[in-house]
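In what follows, a single structure is set out as structure tokens and then discussed.
Here the chain labels run A, B, C, D, E and F in written order, and each chain numbers its own residues starting at 1.
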Amino acid sequence: MKITRRIEFSSSHVCALAGRSEAENRALYGAAANPHGHGHNYVLEVTIAGQPDPVTGMIVDLKEVKEILNQEVVQPFDHRHLNHEVPPFDRIVPTTENIALEIWRRLAPHFSGAKGRLDLVKLYETEDLYVEYAGEPA
Amino acid sequence: MKITRRIEFSSSHVCALAGRSEAENRALYGAAANPHGHGHNYVLEVTIAGQPDPVTGMIVDLKEVKEILNQEVVQPFDHRHLNHEVPPFDRIVPTTENIALEIWRRLAPHFSGAKGRLDLVKLYETEDLYVEYAGEPA
Amino acid sequence: MKITRRIEFSSSHVCALAGRSEAENRALYGAAANPHGHGHNYVLEVTIAGQPDPVTGMIVDLKEVKEILNQEVVQPFDHRHLNHEVPPFDRIVPTTENIALEIWRRLAPHFSGAKGRLDLVKLYETEDLYVEYAGEPA
Amino acid sequence: MKITRRIEFSSSHVCALAGRSEAENRALYGAAANPHGHGHNYVLEVTIAGQPDPVTGMIVDLKEVKEILNQEVVQPFDHRHLNHEVPPFDRIVPTTENIALEIWRRLAPHFSGAKGRLDLVKLYETEDLYVEYAGEPA
Amino acid sequence: MKITRRIEFSSSHVCALAGRSEAENRALYGAAANPHGHGHNYVLEVTIAGQPDPVTGMIVDLKEVKEILNQEVVQPFDHRHLNHEVPPFDRIVPTTENIALEIWRRLAPHFSGAKGRLDLVKLYETEDLYVEYAGEPA
Amino acid sequence: MKITRRIEFSSSHVCALAGRSEAENRALYGAAANPHGHGHNYVLEVTIAGQPDPVTGMIVDLKEVKEILNQEVVQPFDHRHLNHEVPPFDRIVPTTENIALEIWRRLAPHFSGAKGRLDLVKLYETEDLYVEYAGEPA
């Protein structure tokens, strides 16, 4: 059984490789390469898999999930410029794919035991584009 | 191939274990433990798996699916207080997890043969919290 | 100019007049008359009218609006049974109309001066039904 | 890892088998059998699976995906009557199931190599009904 | 005070003037001029203005509103080709504007007295395009 | 009668007054004062008022509206950092209020005659916060 909590955060980013010209980066990333940055209201769905406790009927304590998401994602990402303020995006291009991978890396250690196992990170950049990562080997 | 029908129902519930104090139940369930109850507009997605009939191009007769969902879920759950009016929630805490399990139990016998097989029950308590159950052994 | 903040709260209610039979109340309110109660995820949009400050570019301080909505609506209404826990709904039927009127009465005193004027309360009971109240004489 | 792009198209269709009476077709398809046709704003989600490129951080070039979806789905389907203008729906009933299968057949050849592999076609006829097809043998 | 009920219907239409060439109609209406027709899931919001009854707390009997909307809009429009099956669209182009006007004409006589007054018809052709009509002189 | 077109654009912004400390700006604007900027998927609804043409049944030519919105809003705002790339936000704080005012100023000259009159600009910063401007004197 799986339970999913949805949260939102608003961030800026620039998609551009260091050492390439703006024209080369626009060929790769389109308008997202604009060096001044642009931003999104990201929507994140975090799915935890596990068995409901036979007494409480709950897979996880949702109050704890909320705190973990707040500490690992909302506090560091919300109202931030990802390239300038959120490592490793000073070195790695903050595509939706890479942001989802980084969120997985931050959350997975919290959901590995009695609290249920991290099953899926689904990250919407807009309502028309989203990425899913289930922790498979890269 | 899979086909999914979405329905809604509005219910009240209380999340609290019998024999525990209100303080103990609030520690477990937060505000959902309020003994007077509170309510939600639940959104339910029911997914049926099967092959489309080569002549009609349909996996299931959606008019029959609608009737089954109406009879097994909408009629008994909608505009009801789950703890007081919908067994087994007089004995089992109506967490989102347990409600999804109960809906699976009610629907699975209807979708096991020519009509397609019940594949997934996805139940939203709010737009920020949902549970998925695929009938795996509990 | 107008600015609107949206919030949500989850409550139970019963729509029934004291001193009438359950059959009479069902004739009036339909399934909402069920005496055990049922519930909704209410969505509330609160609109404030005013001029943006020429220096700050803001009509109101949204941090204050959030606190007022939390204190006057979320804290008293969320995860509550309106008939049993939120006056005046012990005496007045909590139809969507009456809930919107009560929210207006609670909010209007906070938005009458420099902070902008309360312009509209829009309350969704479900995504298919909402009420708007602009403070016109009743 | 998976990435999904959502698009919309507006089409008419009739669900009816040739050589059957209108009554027989209404028994099968309900109101969708109306011979004059009716229409929908279809919403399509196309999911591509693959590994993000270690340098660019992208699974696919989304500018190319957009062009493929435009050429294979939007141009031929949008503002069209499927039975009269979009083969094979002159011969095959355009149920949501069959439309999803046809979209898979059109898209799969484009996503089989370096651009990522077509993983899922999810087609909403309305917000309450959708079909998913993952290319399994039919 | 105002109360709004939302419903949906799925229809086909063609936007073209009789006696003009297809090229002329495409210049006017774009892809909507396709003579084979195309379709939409229309979303309709109907707003009724009035005072809540001091005893029942209701502006209108929503069960009656539902019946009126079903009889005047859903039954005649849903799963229909507007140009071929719903007068006056055999003579008048079914633009969103004209459909909204026709819905107003059908509903206004039902909401003129004790049941509240028809205040607004809001008709979405897609989630990105809608028309509002408040009965002002044309 | 009114017709509304919805579009989206993704931008970065910083809400801070020149010549004030970061602490002062945070007291005014909260997290939006972060000097590195953050971003949103803005949703803009533009409403045009007018009479439908008695022959075509259209208030405005929606193909022209689309071009005007593209030229005046999407091209200059989308994938941009408002403070650095979109005057007057180099001098004026890009609060949602001020962005809506600027969009009104850009669009109003295009909708003043036969094409219908600009009636309302509604700008969502997130789905929980929006501003409406109807051109009233400031």
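We adopt the following convention: a residue touches a chain if its C-beta (ideal position, glycine included) is under 8 Å from a C-beta of that chain, and two chains touch if they have at least 3 such contacts.
Just so it is clear, the model here is predicted, and its values are computed rather than measured.
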item	value
Chains contacting each of chain C and chain D, listed by label	B, E
Any chain in contact with chain D as well as chain F	A, E
Listed pair (A-B, D-E or B-D) duplicating the A-F contact set, over half by residue number	D-E
Computed distance of Cα centres, chain F from chain C, in Å	29
Computed distance of Cα centres, chain E from chain A, in Å	42
Shared interface positions of chain D, touching two or more other chains	127
Chain-to-chain touches, reported pairwise for every pair that qualifies	A-B, A-D, A-F, B-C, B-D, C-E, C-F, D-E, E-F
Chain A residues touching chain B - in the complex, by the definition given at the top	1-7, 47, 51-52, 55-59, 61-63
Touching residues (chain side chain B, partner chain C) in the complex	8, 10-13, 31-32, 34, 36-41, 78-81, 84-85, 126-127
Residues of chain A defined as touching chain D within the complex	15, 17, 28-30, 92-98, 100-101, 127-133, 136, 138
